[in-house]
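Order of writing sets the labels: A, B, C, D and E. Residues in every chain begin at 1.
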Amino acid sequence: MGSLKIENIKKSFGSVDVLKGIDLDVTDGEFVVFVGPSGCGKSTLLRIIAGLEDSTSGKVLIDGDNVGNVPPAKRGIAMVFQTYALYPHLTVKNNMSLGLKQAGEPADEIARRVGIASSMLSLEPYLERRPAELSGGQRQRVAIGRAVVREPKLFLFDEPLSNLDAALRVNTRLEIAQLHRRLAATMIYVTHDQVEAMTLADKIVVLNNGQIEQVGAPMELYNSPANEFVAGFIGSPKMNFIDGGRLGEAAKTIGVRPEHITVDRNAGTWKGTVIHAEHLGADTNLYIDTEKAGLLTVRIFGVYDAEPGAAIYATPDPARTYRFGADGRVIR
Amino acid sequence: MSTATSSLPRTIAAHAVLLAYTAIALFPVVVIVVNSFKSRNAIFRSPLSPPTTETFDLIGYTTVLRQGDFFLYFQNSFIVTVMSLFLVLLFGAMASFALSEYRFRGNSLMGLYLALGIMIPIRLGTVAILQLMVASGLVNTLTALILVYTAQGLPLAVFILSEFMKQVSDDLKNAGRIDGLSEYRIFFRLVLPLVRPAMATVAVFTMIPIWNDLWFPLILAPSEATKTVTLGAQLFIGQYVTNWNAVLAALSLAILPVLILYLIFSRQLIRGITSGAVK
Amino acid sequence: QDKTITIESWRNDDLAIWQEKLIPAFEAKNPGIKVVFAPSAPTEYNAALNAKLDAGSAGDLITCRPFDASLELYNKGHLANLADLPGMENFSDVAKSAWTTDDGSADFCVPMASVIHGFIYNADAFQQLGIAVPATEAEFFAALDKIKADGTYIPLAMGTKDLWEAATMGYQNIGPNYWKGEEGRLALIKGEQKLTDPAWVEPFATLAKWKDYLGDGFEAQSYPDSQNLFTLGRAAIYPAGSWEISVFNTQAQFKMGAFPPPVKNAGDECYISDHNDIAIGLNPKSPNADAAKTFLSWVASPEFATIYANALPGFFSLSSTPVKMEDPLAQEFVSWRDKCKSTIRSTYQILSRSTPNLENETWVKSANVINGTETPEAAAKVLQDGLDSWYKPAK
Amino acid sequence: MAESTEIRRPMRWHIAVFLAPAVLVYTAVMIVPLFGTLQLSLFSAEGQTRVFAGLDNFRTLFFDPRWAASFWNALWNNTWFFIIHMLVQNPIGVVLAALLSSPRLHFSAFYRTAIFIPTILSFVIVGFAWKLILSPLWGVAPNLLDLVGLKSLFTPWLGKEEYALTTLGLISVWQFVGIPMMLIYAALLSIPDEVIEAAECDGITGMAQFWKIKLPLILPSIGIISILTFVGNFNAFDLIYSAQGALAGPNFSTDILGTFLYRTFFGFQLQIGDPYMGSTIASMMFFIILAGVCLYLFAVQTRLRRYQF
Amino acid sequence: MGSLKIENIKKSFGSVDVLKGIDLDVTDGEFVVFVGPSGCGKSTLLRIIAGLEDSTSGKVLIDGDNVGNVPPAKRGIAMVFQTYALYPHLTVKNNMSLGLKQAGEPADEIARRVGIASSMLSLEPYLERRPAELSGGQRQRVAIGRAVVREPKLFLFDEPLSNLDAALRVNTRLEIAQLHRRLAATMIYVTHDQVEAMTLADKIVVLNNGQIEQVGAPMELYNSPANEFVAGFIGSPKMNFIDGGRLGEAAKTIGVRPEHITVDRNAGTWKGTVIHAEHLGADTNLYIDTEKAGLLTVRIFGVYDAEPGAAIYATPDPARTYRFGADGRVIR
């Protein structure tokens, strides 16, 4: 109930190949997060799973059945659209309850579920408003609410929290995780937020340019990225890539994450000057121009005061450096 | 939007243009209404001047009310118009939804087929239509009129509505599909409310020729019990003399119900229902 | 049980007369028969009637237009042969001529009335300007000149916008004096005369002269405009049909008189258009044929003739029995029957059976001639050419 | 988003359900009777019987000089009638709709209703009112012109061959301007406020906003009103009939296909209706309009881009 | 040229008061970031500044002039809408160049600016597409591009980066910062992203419920929040709030940021058990249930392995704890 298998899905819009052969297995109850650069095909893949878009070739199997000819309504899914796609003429409450009414749920059950969803999303004050009278974040929450009240076996979320503030985002994230546990539903979740991806996912799928770069558990991707792309994509600020030749290494590229570099004013591996310091409060990002390794980003916990122009030494954690070959693959 | 977006000179210019055109639009109407309250001599002696105590004359209205059962005629017209309108809108919207939403073999041919009706004046089919009604025993019933007007109104309705339905966001309909709505529900709950302005427009366009039609009431339902207002008013148009007082009075009165219907429909033309649906 | 018979008619104008006078008179004598008079607007009548007859939903009694329109209905079986109807003997052959087959074998409508053309004038105006009633063309134009010179009145109340006014009140009104009534009309049918002959062109030439005496912008003056112009006292002379009498009686607030179309020279034989206009026939599909026939016999009776002619002064009975009329103007019109020779409109019988339709063309051409956009000769030639294109008189 | 997604499914009964009521009523009450009539164009009468005549009627219409002259005259007049509507009615309608749709315009409902009222009127009234106004006798138009010192411009427009058709065209424009206005207004309403707001911020205001933002977005509706105008004009009849009579005077100068057809089909005065030639003319009208509609449906409409909001 | 002053702006939609008196001074060339919970009125305020919405009362002054009656087009602004509001009928290129064309810029200047903007936003491959053929993130970038090509004196950005992936977001953020320097333009920027707010802003305005809670430089807000709301809103995961009474303190509430608590398995101030550990890669969030202080979030740099249920001691940095009174104000 809720397992999903995707076999060699391809999709072109005219001459543009958007998906170039995607294979994926999602077991029942799994939480899968899709990440990837803007325009890599995440939404398209979601829409194909939902049955809103025909794939050019390939199969989608839900619970082992090829759903090629099953209309979206019969696939047992709920979806949060990136564009929200709220019903503009219905109130927030009706936006959420329309699907349930259609399914013939009893009125009190509808009221109960809408109540839960709207309190989970802090939407209570707005239940009688129409979408046009809501703020961006409120609309997004309605879109989420409309999906969650249905309690299906398969959820498709397309960047559901992008317009929410940090506090709400953390809350909603937790609620979604809880929902996942409670319903034991399978969830496919697209996000650009590293924290969401890392905290929610059982499995992260990194997409790039219509192809899957790597699939794995969050820390697996962080710790052992398969290639330069994944290494750079997971983690923010992104990994420093240093020309291998410059460091006298055999590998084409050497990668070190900003958090795996330590700095010292007096001694260290690479000497450089501070270019810019970004103070984020809890941590500080230092941009350092080193003689040997070029421009580096270093992430420091806490507040670190550094004047631009000051001399500084940066030392990478040797246990945490990655080596990439000419083809971008990691060399172990 | 804000007041700042409408500059004063432009607003004045807009009002000037609209007022000017309103004057042009209303002038002849005013002439008609004013004259319907005047005696025949006064109408032609000075058609522009408002009725004075001397020329004020309700003869037109009294003639109308005396001759024939005009309240019944109004009721007939109203029933026929509203029922036909309802059917045209319902059937027309359903057909246009099918044409604009689904791609199926023969889609555009079906579109063309449904448009054929606006290319030939339906009056040419009078004899066959009348035979059909005679055969089915519908002569001198309002049903006959309703059927004819429904058929007559459909092509235009389909033509206009399918264009507007193409503008309804696919994401929205898809959201409905994912919500488990059947195609019928998507049509009734999502699409219909969103094309309300177009429905109102079609309603208005459809209603006018129905209300004003003289031919089919004359042919299909001329009996006293089924007469419509327009047909009733024709009574005053004679071979050599036309009782203009009565014609003007009858037809001035006949404007009112259509005007009311128009006002009802034009309430659907409200800005901003659709915005905010999608990002 | 009561039988209800329905009359199809284009005479909206007569609704009150039927409801208030004719039908009660009939029903009083024929209990068990109810009559409904169901007129439609004259412009729609032919088309609507044909459709209803074709589909079988028409009324029991059909009001008959003169000549071919009704003949066509008879030929299609939409009118019954009434030759044997009791009462038909009350009409002369001339009276029945408009509703008889070409070979005279069948009569399909009971004649009701004819109309006479002439001129109605504002007697007050004539008196005021010291004008005598004109009898000759010269006098007529002299009178017009005088009225025009005075300037108080528009000399002639006629417009060309509605076309038929120009043809019917103009050409057919003054024409018979030129083509000598029936003589010319029949010669035309036989092919012995042509529309391009002087007798047929001259009326056009005379009409062309009317232009100067019409009101400003007469090109856009419609028939009701003309009526109003005259009855409001703004015009002196009105080229008329006798049907105007009843209207003018109620509308005009001055004294009126009438004179027949002036002759060319004093003492010439005069001709008037005394045109069979309206009759009534039986729908053979009527389920109440007996009741309908009873009614038709009554229409053929002198009683009907008297009521009708008096209720509608200007519609003159076609019955052979003389009818006594009250209205002085109507009496004036009908008195011309004794002085002058009667004829019917030249274009009605046979000559308008096909396309181009001579009657309709005559409307257009008469208007053109008065408007000055076409010469009388050119107009006549077009008419004759049109006629030649389909009409081959049996020589 | 611009194209509807195709979702293939085994048997989509709902399509049939959506189409059925309209197709049934329309076919039974409209198409069957109408085509029953149109096929008469292939027949002619011989006495009281109907005989198959092939294309003879069309031959008559095009090669008999009288019929051909009438036909071409009507066709040309009709074309001119259409041109007037396209050049006057539709631009005015669009301008009015654009003005009315500006947000925050006061009294816009009043204007909209007032401007639409003529469209509600029956032809009888329209004919009467304008004849009265333009009448040289009763002085409305001359007096009005006199007020602005242009009395000399007055002529009996409806009675002059050279002006009558144009005058009627303008009367028809007056009557029907409400239709393009309403349609365009409805189309303008569906443009999201935000797009307009973006344009305001971008400095695209007033006329430029209309030309560059609104017009492209309502182009499909402009297409619709053009084709509706075309269809409406080539089917027009009532106004001319009620103002000028069936003979479309003076001298047939206002004769359009509609009046020509009615006169022929139903007859007029002494002219007896000729369903055979009548339906021949109707067929020609049908072909002309069909050609126009096909051109629109298959060449124009498919090329117009639609945007979903 | 570009200074902005807002005086007592109030705004109600019907009976809903959305803005309750906003006063703000923005000097020429400043970069001001608006943050606040979803629905607090940020977009509304932006729209009032732009002239798209009428305020119920109050004044907006740009360069000292009351712009109450100045149409948006004349205010010298560019705006990125939260809903993008792209012109659906125009290609990406024309979406960006329309405003310039209208302003009568020469063609080569237009081409140059569009070129710069589209390369900055990686939009080159899509220049000839229409909005409907773009992914969510691509649309958002077009919306940014349309604003930046205009190079006005005052930019209004409404959550401009919410749909971009991390890498692109960092890039675009840097580009916006550069643009700010290059044009010396004033920028008003709404975001929910703490990193964006902290790195971009000269001044952050914290809005809540239609009112300004605090205005200040980023680190100022982080280090000395004026009240509980600001303290909780700035920083993610949010500050731990502990009931003062429980700790035996005079203050109503005590606040400690997760990054200012250290943990130790053996000793520390508060004893507790690990409830849940979130591994984000570069850092780890620990959720600890302490006997004394209740539920705490602790942020640890790097990877920290902790089994749920394990006993643990948490020690707050006493120099970094905040004291709040009953009114929520900070007690110094």
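What to note about this one:
Throughout what follows, a contact is a pair of C-beta atoms (placed from the backbone, for glycine too) under 8 Å apart; a residue touches a chain by one contact, two chains touch by 3 or more.
This structure is a prediction, so every number in the text was calculated from the model and none was measured.
Taken together, chain B and chain C share the touching chains D.
Looking at contact counts per chain pair, the maximum sits at B-D.
Ranking all chains by how far their C-alpha centres lie from the centre of chain E, first place goes to C. Inter-chain centre distance (chain B to chain D, centres taken as mean C-alpha positions): 15 Å. The centroid of the Cα atoms in chain C and the matching centroid in chain D are 38 Å apart.
Remark: chain A and chain C have CA centroids separated by 92 Å (rounded to whole angstrom). For chain E, the set of residues that touch two or more other chains comprises 51-52, 71-72, 82-83, 133, 136. Multi-chain contact residues of chain D (touching two or more other chains): 1, 5-6, 137-138, 192, 194, 197, 200, 205, 307-309. Within chain B, contacts with two or more other chains are made by residues 1, 3, 5-6, 44, 126-127, 169, 171, 174, 182, 214, 237, 244, 272, 274-279.
Chain D contributes residues 1, 4-6, 12, 14-15, 17-19, 21-23, 25-26, 28-34, 36-38, 92, 95-96, 99-107, 109-126, 128-130, 132-133, 137-140, 143, 174, 177, 179, 182-183, 185-187, 189-190, 192-194, 196-197, 200, 205-206, 220-221, 224, 227-228, 231, 235, 237, 258, 261-262, 265, 278-279, 282, 285-286, 289-290, 293-294, 297-298, 306-309 to its touches with chain B in the complex. Here chain A touches chain B in the complex through residues 50-52, 71-73, 77-79, 81-89, 98-99, 102-103, 130-134, 136, 139, 146, 150, going by the rule given at the top.
For chain C in complex with chain D, the residues that touch the partner chain are 43, 46-47, 50, 67-69, 72, 75-76, 159-164, 215-222, 225, 228-229, 347-348, 352-353, 355-360, 363-364, 367-368, 371, 373-374, 386, 389. Of all residues in chain D, those touching chain C in their complex are 48, 66-67, 131, 134-138, 154-161, 241, 244-247, 249-252, 264, 266-274, 277. Those residues of chain C lying in contact with chain B across their complex are 10-13, 15, 38-42, 44, 48, 51-52, 54-57, 223-225, 227-228, 232, 241, 243-244, 247, 251.
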